[in-house]
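Structures incoming, each one as structure tokens.
In what follows, chain A forms one complex with chain B and a second complex with chain C.
On to the complex of A and B.
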């Protein structure tokens, strides 16, 4: 079987197109098709991890070959990093879609929901695969416009307000990115990422280039909700329907925010000291302030949303420390360890935060509220939800043997070995605050018995919801295996190699 | 160079509108101004002094064409901008139906 990267974009787009038309006439079509598409993409990703492929696999859309070494076609690039993020995106997409089969019955427009979900998946896969900066912008807009609509899906007061806020801030971010794309084209006369990278290697840091980099950091930082740019995230992620919250927090901020930042600043631009410092500072601020803001929250989904900001901070500092060591030409093993920790935490966060949002959805589904003060004593009534929540809470707060422990450990060890002692201490401190915050969630939701007790509005969870939750908690444990050399070799190392050999991206892709 | 700076000033005018206006429709208008300043910038970077429209004709020798790629980008970006603006306005109208006002200060259910 040959690897066709375009399938990751074509299939969900086809689904998004067919669902509103055919789903109107055939009952159950929308669920079956979207679950089948996402399941196929997960299997497809895993399959190529097992059998291997020639990295990087480049598809030239339209079949236009490069003329005199100048790429003409739009490139789709499937390399180690893309493969890793695609696996994360499609895994969470599959589990969320499967969960939605039972959950979304309470909304009326099911066809629109699944169509928008497929559109969002197509957009995210597109961003991750694209080897062309304008194409990244286009797919990013596809993904975020679908997510604006999905946040407002409940069409109640809160949802609409959150969606408006999200749209205005997200729109500003998109325009900053478009402006930066224009500036880049002005300076390099090309849009192809590999070509831009090859041209920028021989140029000095001009003022225009620094301005472009700043615009890109602000633009993608807004999309990734790094701390000074985080205002929209708690509203948007807590107002969306739960499977969508899991998608937004689990993968959207990573695929369109952090992935794009990492790809651009490692492989395209030359790494500079100032840039690295900005990225590390943004990561540290997100990590610390995010968790401090989460302490006072009583709305379960808002609490989880603030923790997303904090956990993304870990990913960014992991990658940022690696970037700093590469810039200083330091110990490459430590740099690789740090980047591996960051990427490992990225996939871990997708799984456990996705699971926590699905649990929040299950609590809301059965108890009708997600205010922690009104909940209590649910552990007997909801055994599946309470045990999976406990697992996910331990994973996010770094309790062994769950996956969160190992990724945080890798980041902290790398920080100590790179002599960022303050960062390591802050990472440990934030981890303890996270632990406290999740103990509060577990206690108030599941154990704190009240005299009246919370009365359930429904008695049983549908099978699809239970299935997704149990699968994810099993994944939370199984993914700890990635810390061992064999699995690390297969899953993490190809992605880390792409980032470690910063200059190779251009030569490999133009040469192909 | 002046035209590019003017273009950026237009961007900042739109940003000022988005940040300071209280009326949601005016926020959307400010947003559109930002959008169009971007389109203007993209169209201008492809412009070449005395350049012709990029259509190949046989009788001309060594013609100077303007760069067609930014024009294609602008067309794509305009379509995306249309979708964003339409969605923003649709949400604004739904908010008006729920809250009975376009004033962003009175739309404040979410806090914290």
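On to the complex of A and C.
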């Protein structure tokens, strides 16, 4: 197979526009097509990890070559970091879509659901591949507008309210990002990321540039739901249908929020002390406050949504510590360890938080409620759900041998070796609170036997739901292998190298 | 939904043809003059909306029309993607490649595939705007009844 990065965008888009036409006449077409497309993209991503490719693979859309060294085409860049995030996005997309085959039957308008889902996947893949800041904005809008509609898919009062809140805050974020794109274009006369990076390398930090960076942090911070920009997340993620919650929490906030922040601040702008400090502080606030807010929640999906904020804090501090060490010209091994920990936690969080949301969906599917106070004693009635929930809960609370343990360990070791002792202590503390919070979930949902007990509204889970859940819990264990050198070299190191060699992005892409 | 008075109906009959013509002109001259698929499509959709508002229609026929416009919209977008994909398989294997002969600058039939993209984008924008309008009208009628 030849590497064609554009396929990641074309195939889901084709699916999104074929489904409303053909799905109108052929029954079952929408499910089959979206599952096949996402499965193909997972295989495609894995295939290039196995056979390798010339990094970075640059596609110039329309075939326009650079004129006098100035790129004029829209660039699609497939490098180590993009490949890593694309694998995460498409893996979770495939499992969620497969799960949705059984779950979404109770809603009408299945065609719209799958078409919007495909559109959202296309948007996320586009954000990750784009090598052009305006196209990052365009694809981001495609992804989030599809997600607004999907959050409101239940069309009850609560869903509509959540979707409206999400739209207002998302709209503000998009406006800020667009404004920042305009300011960058004014300062550099180009929109190509590599070209911007090459121009900014020789310029001092002007006030306008700092203002642009602040706008970008706020804009993408809103998309990534960092505290204090998190207000929309608990509502939106808990109101969406469960496969969509898994997509939103598992990959959307990463692909359009954290990925964009990492890419811009490592590879495009020069790293400064203030910027790094802001990112580390945002990460720490998210990590600590997110988990404290989660303690008091009794709605299962709301609890999971608050934990998403907290776990994203781990990813951001992992990457932030790396940034600080690169700025101070410190020990590069520690920086690489820290960034690897952050990225490793990113893919781990996608898998176990996706699984937890799918479990919440299964509980809601069978028991008809997701209020922890009304649940209880489900472990006998739902063996698959209870065992997969237990696995995912242990993974998120960092119990060995699950994947969450190793990524948190890497981040904490890196924090200690970089002499961020307070951060390391906070990370350990937050981990214990997370453990407590998930013990509450397991106890109240599965073991707390009540006299009356919960009456199930349905008896069996469809095969597709069970399959996705079991696959993900197996992945939770298997992915711990990524700490070992062989797998780490294949999967994590190419992504870490892209971030460690901050200046190389520009020269490699313009040179190709 | 009821229609409007005789005067409005007559004026609409006279004007709508011109509006369609103008919209099509903007679409087909997208590569030569300001405008293009999006602007022209919006004008064409405006013509349809004017007709529906002036003459009125029953909810059932509006619903039927909404299904049709929504299918048209998806089909037009699908064709745009397939045209772009054709670039991947024809000639130099580049996504969105302009594989047709480009002709003389300033002539109507020139610029390779760009006018074809414009036509289908115009179709999609017209259908999409009409779908949004119909959805709003149908919602209002359902709430009123």
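As a working rule, the second predicted complex is superposed on the first by the 512 of 512 C-alpha atoms of A that agree within 3 Å, B and C clash if a C-alpha of one lies under 4 Å from a C-alpha of the other, contacts with A are read in each partner's own complex, and residues count from 1 in each chain.
Please note the rule applied: contacts are C-beta pairs under 8 Å (C-beta built on N, C-alpha and C of every residue); 3 or more make two chains touch, one makes a residue touch a chain.
Since we're looking at a predicted model, the values are computed, not measured.
Applying the stated contact rule after C-alpha superposition, one finds that A:6 touches chain C and leaves chain B untouched. With both structures placed on the common chain, the touch criterion links A:175 to chain B but leaves chain C unconnected. When the shared chain is aligned, no partner comes close enough to touch A:40: not chain B, not chain C. When the shared chain is aligned, chain C comes close enough to touch A:61, but chain B does not. Set against each other, chain B and chain C differ in how many residues of chain A they touch, and the higher count belongs to B.
Looking at the shared chain after the overlay, A:20 reaches chain C, while chain B stays out of its contact range.
Of the two partner chains placed around the shared chain by superposition, neither chain B nor chain C is touched by A:53. When the two complexes are overlaid on their common chain A, residue A:148 makes contact with chain B while staying clear of chain C.
Chain A meets chain C in the complex at residues 4, 6, 10, 13-14, 17-18, 20-21, 24, 59-63.
On chain A, the positions that touch chain B within their shared complex are 134, 137-138, 141, 145, 148-149, 152, 155-158, 160-165, 167-168, 171-172, 174-175, 178-179, 181-182, 185-186, 191, 234-235, 239, 296-297, 299, 302. Of all residues in chain C, those touching chain A in their complex are 67, 70-71, 74-75, 77-78, 81, 84-85, 88, 92, 94-98.
By the touch criterion stated above, chain B contacts chain A in their complex at residues 11, 15, 18, 24, 27, 31, 34-35, 38, 41-42, 45, 69-70, 73, 76-77, 80, 83-84, 87-88, 91-92, 94-95, 98-99, 107-110, 112.
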